[in-house]
Amino acid sequence: MDNFYAPGKNHLFVPGPVNIPDQVIRAMNRNNEDYRSPAIPAMTKTLLEDVKKIFKTTTGTPFLIPTTGTGAWESALTNTLSPGDRTVSFLIGQFSLLWIDQQQRLNFNVDVVESEWGQGAKLDVLESKIASDTAHTIKAICIVHNETATGVTNNLAKVRQILDSYRHPALLIVDGVSSICALDFRMDEWGVDVAITGSQKALSLPTGIGIVVASPKAIEASKTAKSLRVFFDWKDYLKFYQLGTYWPYTPSIHLLYGLRAALDLIFEEGLENVIARHNRLGTATRLAVEAWGLKNCTQKEEWHSDTVTAVVVPSYIDSSEIVRRAWKRYNLSLGLGLNKVAGKVFRIGHLGNLNELQLLGCLAGVEMILQDVGYPVKLGSGVAAASAYFKNTIPLIPSRI
Amino acid sequence: MDNFYAPGKNHLFVPGPVNIPDQVIRAMNRNNEDYRSPAIPAMTKTLLEDVKKIFKTTTGTPFLIPTTGTGAWESALTNTLSPGDRTVSFLIGQFSLLWIDQQQRLNFNVDVVESEWGQGAKLDVLESKIASDTAHTIKAICIVHNETATGVTNNLAKVRQILDSYRHPALLIVDGVSSICALDFRMDEWGVDVAITGSQKALSLPTGIGIVVASPKAIEASKTAKSLRVFFDWKDYLKFYQLGTYWPYTPSIHLLYGLRAALDLIFEEGLENVIARHNRLGTATRLAVEAWGLKNCTQKEEWHSDTVTAVVVPSYIDSSEIVRRAWKRYNLSLGLGLNKVAGKVFRIGHLGNLNELQLLGCLAGVEMILQDVGYPVKLGSGVAAASAYFKNTIPLIPSRI
Amino acid sequence: MDNFYAPGKNHLFVPGPVNIPDQVIRAMNRNNEDYRSPAIPAMTKTLLEDVKKIFKTTTGTPFLIPTTGTGAWESALTNTLSPGDRTVSFLIGQFSLLWIDQQQRLNFNVDVVESEWGQGAKLDVLESKIASDTAHTIKAICIVHNETATGVTNNLAKVRQILDSYRHPALLIVDGVSSICALDFRMDEWGVDVAITGSQKALSLPTGIGIVVASPKAIEASKTAKSLRVFFDWKDYLKFYQLGTYWPYTPSIHLLYGLRAALDLIFEEGLENVIARHNRLGTATRLAVEAWGLKNCTQKEEWHSDTVTAVVVPSYIDSSEIVRRAWKRYNLSLGLGLNKVAGKVFRIGHLGNLNELQLLGCLAGVEMILQDVGYPVKLGSGVAAASAYFKNTIPLIPSRI
Amino acid sequence: MDNFYAPGKNHLFVPGPVNIPDQVIRAMNRNNEDYRSPAIPAMTKTLLEDVKKIFKTTTGTPFLIPTTGTGAWESALTNTLSPGDRTVSFLIGQFSLLWIDQQQRLNFNVDVVESEWGQGAKLDVLESKIASDTAHTIKAICIVHNETATGVTNNLAKVRQILDSYRHPALLIVDGVSSICALDFRMDEWGVDVAITGSQKALSLPTGIGIVVASPKAIEASKTAKSLRVFFDWKDYLKFYQLGTYWPYTPSIHLLYGLRAALDLIFEEGLENVIARHNRLGTATRLAVEAWGLKNCTQKEEWHSDTVTAVVVPSYIDSSEIVRRAWKRYNLSLGLGLNKVAGKVFRIGHLGNLNELQLLGCLAGVEMILQDVGYPVKLGSGVAAASAYFKNTIPLIPSRI
């Protein structure tokens, strides 16, 4: 039942699904349960409260939908918008592209603002659109916080500032799939109206829960939004929240117990420490890339992502070959370049329940593979750069002091 | 992390989510994996082939959608029908009710054929509608194979016969959530166009995969169906099937390994043996109910369900109290009566990976609870009736002969 | 990797190894760890403290030896006695027989007091030996608290009373393998000097820890005992206890985490409730046996065991055939008759993490098997007797009230 | 239940207990079973056959004893020797010291041949003893194949050659605890009479099985050996082997299933590939140590161990501090220096189910820690040396080609 066996642990460095903590694997190692017994609602109640903490919201309403990030997108859009509504959406990589495709297929009038892949969302263009939209035809700004295909993080505080300075009422809908619980994300402070993530990303669970959190304004919008939705309709959830049974249809018992354990670990480490750890891992990865003499796909420091690094390879190398060799020879899983950057970049995911020595093992592997495919990297150079940085920044493990 | 601890195993007799075999729990006890490595597509290929076997189809196309049964319904409908399309749908209990509600919210023109709860779909009414629909305004017949709320199994062969005798081209869309892989179901032979089930039912997995299988005719219909869908769109799957990467978005690695293990066990037992086992469990349960002097909610033998039995309690008893006491005193999980039969029936799910002695333990528990709530049942009477039947019908376990 | 597959849960009713709670299975589902890190000693410290509670001792010293019950016996004997020492030992069944064999092979001078199998230890004979042993040639009384082969529980309080009334200094060494943590056992109150159990019995863990608890008098005796021992020598443990590292050689990380979880569950249920539950299960089993018209191997009520019942079958039936059929047809594991009672009894273990409905399922199975092998039992009769008793005695599950 | 939480995977580099493959963890994730059912003997039969393969013996008899390596030593000795028997034993580190201590406590007449720690067994001294022992007073040569405390591998072929050249009949008893299944070991070819290992070493299981394999000559010796033994007596096993029930007392069901899975993985990888992988890991570690400018505790290349490397630190550093910091800051578990080399060496275990990138992560960690404690190592230097070697030697993973 396990094909392609290789000795030792698999080194999982794709930007999702990510490594699951052993404690969470244990928590999910169980039989099914009746989700209508008092036990599941009692646990659900704590989950809904605690999920809000990782979104940094006190006023939002969370929905734990049995779906993926793609479904979470759809839930965010169809509950708040009506067909024909104008959205401003930023095309900066494969995942924002797919989201835009979804928006178009859902019959929204998508005003696409495109950037070169490797650049962030063009917020100056947003500003001019907002400035000129005195009629408030723009109903929503749809933006990925972190574009997983290129490793670009957008500045959400700035988006909020633009909207506020023009007192524009557009909803701010954020794809936080590869950011929330890993990057600094502040739903309430930044006035985000809908934010989503997926269980298999920074929460370090299996795929299967699309987490959608809606601001009071988004909840209000959902009452009049005319987009067709049934499975993704918040209304059904809200009805069952009121009943105290919480689930309009069957949840995954396993993912609920897994989420409980995942949140417990995050709170034990401390959310700010989790974010700081991701910053360490991201910074160290970038230092390694620099030491290798390679380019980061992300063109400016302000957009650097702490959850995924897309590394540009020289034109004489096919980056897919790097990913293939990593899996075939080193039991290392790296991310492929997608679409426009296929063959041109490979991606190192440094996201989720991961520590520094794991990353250093990965970097050492990448160095060997780079040599394998003909790039003249100095072995140990990236590891040296990364560990020099780690050495000065890794704290003692609090529980072990 | 486990609230409400009680000693010993929980006796899980709700009609879903059901008991997961230990082998499947083990198979899912793992870290995440890169779903873009060669391993996951290789496994997916075998899953798609093998899933067809439990639907008894060679021509169907299966979709393993990261969703629940509710999402699977939506996928079945939106891929094959256009807004305004006329469907004939049978309201015979809570789950057919919910499906009809979904059909209406999806803007189909639903021709509802209602039965008293406890009765099957009125196929004579269907026949007259089909007979008179010479203009073929009816685009689909939507029918639950087994109504989980009342324990009623409909005669699908008969539905096909009606359609055929009038050469009516309506699609036959079947909710097999609590039937497929437990009851006799023959997709190709019965000309079913779309059939769905959920992982947490007879397949005995956690919740999280909505399995939808489409006939060639349904696939053809999907090319022109105008219902809006993105997440549930078959088109994206078909594109990735062709690419050989299989997944338009992230699947649950865990459920794929779980499904592989679940199918292996089903084939090891033999699908016909699985169905025969469910028939034994269902028959024995009905004999026990009879021995207790209680009524089966299902009014005629032809509708008897081999996956769930809804037991009618005397009017002076609140059936919810039975369910409550089962959980509080005996660590037994029974199904509540829903909606119209709330308080009037309790349900015994005998579905999924379950054996005879497990059921007898449950029946013994129900007897004590019935006494607890004031019904004058003779202890041991239901167990005696059920085991008298089992004694003559349980085969030796093939692997242990 | 799982031969002999059968659907549903295996019904495990041998008197060891017993059913492991899901929580404990989860706790053991992990990688190895360095047992010299601070984590394992910290956990070990709590284990040693808490293990004392289930032996009801405050003055005893526990040893968690990586071995089985047989090894625990050897540790108890070789640490306290010298070759040639006279022991009084009671032969009342297969396990006391094996222990006596061990004592003889270890060169003790064993004074065997034999009973018919099905009877308890002859304490009147003990009394006369003690009374006449004014020279104190008897160094130890070796007695099984509960003989697992026949389901006979001996009266330890009485043994202590005999020793005290003659002020006899013999050590009291007790095999509590199938009693401790299930039957009423009071190490300090009854002046037991060495008591042992195994992890796979009432503690409901896998096999692998032999638990030995020594009174101060036994520890004192160990300083002069001349029996050869190395692996089983308490001295090495005591040295490492003092160092605070606790382990003279590598423990099983898994069993330590498992033991932690097992103890937590026992304390959550409450040790007295655990003992009461075993009494309920034992009483109900005996009532069923009576209802079937069969004889309990245990000849008098005072010896009835609450952890295992050996059921005598009519002479025309081979009890092994019952055990064989249980496994082959009902996925039920019963205990064989051993040695003198081979073919004559089968055993129902009702020990460890087990609840009432599980037992009723087992009893229903036994009824069918009895009919299978030609014994004219009335189906449901044993279940009725047991559940009539349960109905009046099972408390609400405290956590679920 | 998990104290001292740290994010990410623990990096386990002690020379035992070692990393358990996920497949084995899964195989052990189960309830107990009746070990007297036909299933366990059937599995045991295959285990006994397959265990012989990793010892490279066709004539040996294996015993899977529920104990640790210490118990396995005792079993090897007491079954083959009588009190007063002369053994030649080599004191070259902590584990050989402990074994000698055991031999002395078991009343053998131990002729200790001591080496400086870091050197191998003095085989020239052995030769002279054998040469002069024409009376054959030496009954056994007891030698550790690999001394885990210093990382020294002894030349067993040479021992056999010495015995053969003098036609000396002494038994050759080998502690293969940290060698068998990782280093080249050939029981039959080298005429080893008793060889032992423990489940938590190269087999990559939890602690709990002491594996002892006896040559026909050793089995013959056991018939007359007068050392007292009961729990460890081979006789009881042999009796149950003949009966086909295999177990004189309760085995750990979990470890049996785990062993089955572990052996399957070893055979899938190929025993020679497993050994080659350990050679790669050992060589790379030594190259890193050299690059760091540190000394290997092992003084000559001929003794270099491929399963553990003891690294000598400069005298101004306390090696325990390195181990402490590894755990506190990097979630890395290293081995302490023991006894004579306490504070002077730390140990890197590279043993069991481990791959190259895992080791590189460890080495990168060690480099940071060395700087932490004031040793002027160049970051990346050891990793560079190790990966330069790996790059030229790691094969493609066979299953993934």
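Some points to look at:
Order of writing sets the chain letters: A, B, C and D. Residues in each chain are counted from 1.
Simple rule for what comes next: a contact is a pair of C-beta atoms (placed from the backbone, for glycine too) under 8 Å apart; a residue touches a chain by one contact, two chains touch by 3 or more.
Which chain is which protein? Per UniProt: A, B, C, D = alanine--glyoxylate transaminase.
All values derive from a computational prediction rather than experimental measurement.
The set of chains touching chain A and also touching chain D is given as B, C. Comparing the chain pairs A-C and C-D, the larger number of C-beta pairs in contact belongs to C-D. A centroid comparison over C-alpha atoms places B as the chain most distant from chain D.
A straight line joining the Cα centres of chain A and chain C is 53 Å long.
Computed from the mean C-alpha positions, the centre of chain B lies at a distance of 44 Å from the centre of chain C. One inter-chain figure worth recording: chain C and chain D are separated by 34 Å, centre to centre, where each centre is the mean of the chain's CA atoms. Counting partners per residue, chain B has 3-4, 19, 22, 25, 27, 29-31, 38, 327, 400 as the residues that reach two or more other chains. Chain contact summary for the complex, chain B toward chain D: residues 22, 25-27, 29-31, 38, 400. Interface residues of chain D facing chain C in the complex, by the touch rule stated above, are 1, 3-4, 10, 12, 14, 16-20, 25, 27-39, 42-43, 66-71, 74, 102, 105-107, 198, 200, 206-208, 228, 230-233, 248-255, 257, 260-261, 264, 327, 333, 335-336. Listing the residues of chain B that touch chain C in their complex gives 2-9, 11, 19, 21-23, 29, 265, 268-269, 274, 277, 327-332, 353-362, 364-365, 367-368, 371-372, 378-381, 383-385, 387-388, 390-391, 394-397, 399-401.
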